[in-house]
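What follows is a short report on a single structure.
The first chain written gets the first letter, and so on, giving A, B, C and D; residue counts start at 1 in each chain.
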Amino acid sequence: MKLLYFAWVRERVGKPEEEIDPPPNVRTIGELMAWLSRRGEEYAYAFENAKVIRAAIDHAHVKPDTAIAGAREIAFFPPMTGG
Amino acid sequence: MKLLYFAWVRERVGKPEEEIDPPPNVRTIGELMAWLSRRGEEYAYAFENAKVIRAAIDHAHVKPDTAIAGAREIAFFPPMTGG
Amino acid sequence: MAVRLQREDFDIGAEIAELTQGRTDIGAVATFTGVCRADNEGHRIEAMTLEHYPGMAEAEILRHVEEAQARWPLFGVTVIHRYGRLVPGDNVVLVVATSSHREAAFAAAEFLMDYLKTRAPFWKKEERAGAAGWVEARQADDAAAQRWRQAGRRPGAAE
Amino acid sequence: MAVRLQREDFDIGAEIAELTQGRTDIGAVATFTGVCRADNEGHRIEAMTLEHYPGMAEAEILRHVEEAQARWPLFGVTVIHRYGRLVPGDNVVLVVATSSHREAAFAAAEFLMDYLKTRAPFWKKEERAGAAGWVEARQADDAAAQRWRQAGRRPGAAE
């Protein structure tokens, strides 16, 4: 699946997007953040305060307990500050 | 004092303004409307439903029990429909 | 603060520019434009004539603008109300309110429109197929204006 | 319904004309323009860069426009949100809502702005004297957006 990062999540991870293939025991958005944060210092830094990070699956806002099965594109970003 | 009429009050009275000199026992807006309505058919028609008619003294909205003493300009008109 | 009563149309973009040009403290610009409709509660309107009370109309609107400024942190407010004969599609009234944040700008624009509808001395006479009649005050407008008298800074659920 | 994300500025008068020209059923046009300020909670801002999530931003805004249309009797809605680098005084966002009466036009414009502030995937990075930082979400914006979820058609006193 494709991951996208925005704003300071993107800056901390160090890239705007990547393709990943998480193991089958990573089932939810929350589990995916935990798995990502074990991939290296930049990820640990980006996801150190996972509670503030928002996620979207295929362009729709989702919660940490949402299942990622079937997702084509998952995005992580800080609270929105548009308008 | 000067009286002004607007909208259908003006149309019914048949003039936009006039100078009047009511007797001293006419003390309030309500009493002025009653006195005016006895001045002729056109006034009786204009003030037949005095409850719906609004008044202003010197450009400020007033109630029927407001005293008219000292007023330079009194206006009578229907409920406003601006905006 | 600008309050203008005029026969002529207005240019919303120009009025916004007048309030905002050269400033960097404004974060929010709310505008409301009232337009003459061809239909009023099922009646076909060919034109309408707006009569006003010169002198009092300016004074009343200015008083409401000052009240809005006392209630909310506003930078500038413009109110333009037309009078004379208007046809459907014509602009009737414009309110522009600027502030640092949107809450104040929206609230001031709504407040001023509710008051213009109910307290500013203007009267609309409509021309319908052959006949003409004065528009009656809308109860919903009175209720909308009333809510600013009851609540604190923001109206409660009025409807 | 028009939803546009663009780097370029917009012309409010032209956007209003786009929704109203040739029509005689519109009685109310509410607009809101968000403008980049030089000051954010005491910090001097030299510029800001708006990042967005292409694809999702359009979809999210369109969903909210559709929700507004389901809630209020609207004729047309336009939302324009800029992205890229903006300096103080620059326009950021525009909402235009048209209806037969003002209540619906105002409510829809406020509703859309509250949602754009809290749910549309945009992020502001400010440039302050030498440094740069991402803007944090305002709690007041979350509260403003939340009130549309609780009440019926109109928010209660949210502040």
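Note that in this section contacts are C-beta pairs under 8 Å (C-beta built on N, C-alpha and C of every residue); 3 or more make two chains touch, one makes a residue touch a chain.
These numbers come from a predicted model, not from an experiment.
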Discussion item. Let me spell it out: compute each chain's centre from its C-alpha atoms, then which one is farthest from chain B's centre?
Written reply: A
Worksheet item: How big is the gap, in whole Å, between where the Cα atoms of chain C centre and where those of chain D centre?
Response: 22
Item to complete: Could you tell me the distance, in whole angstrom, between the mean C-alpha positions of chain A and chain C?
Response: 48
Discussion item. As a quick test, compute the distance in whole Å between the mean CA positions of chain A and chain B.
Written reply: 72
Discussion item. Quick check on chain D: which residues sit in contact with 2+ other chains?
Written reply: 34, 113
Practice prompt. Enumerate the residues of chain A that touch no fewer than two other chains.
Written response: none
Fill in: All chain pairs that touch each other
A-D, B-C, C-D
Worksheet item: Given the complex with chain C, which residues does chain D contribute to the contact?
Response: 11-14, 16, 20, 22-39, 88-89, 100-103, 105-106, 109-110, 113, 140, 144, 151-159
Discussion item. Quick check on the complex: what are the chain C residues that touch chain B?
Written reply: 34, 50-53, 55-57, 59-60, 81, 92-93, 113, 116-125, 134-138, 141
Worksheet item: Can you name the residues of chain B that touch chain C in the complex?
Response: 4, 6-8, 56, 59-61, 75, 77-83
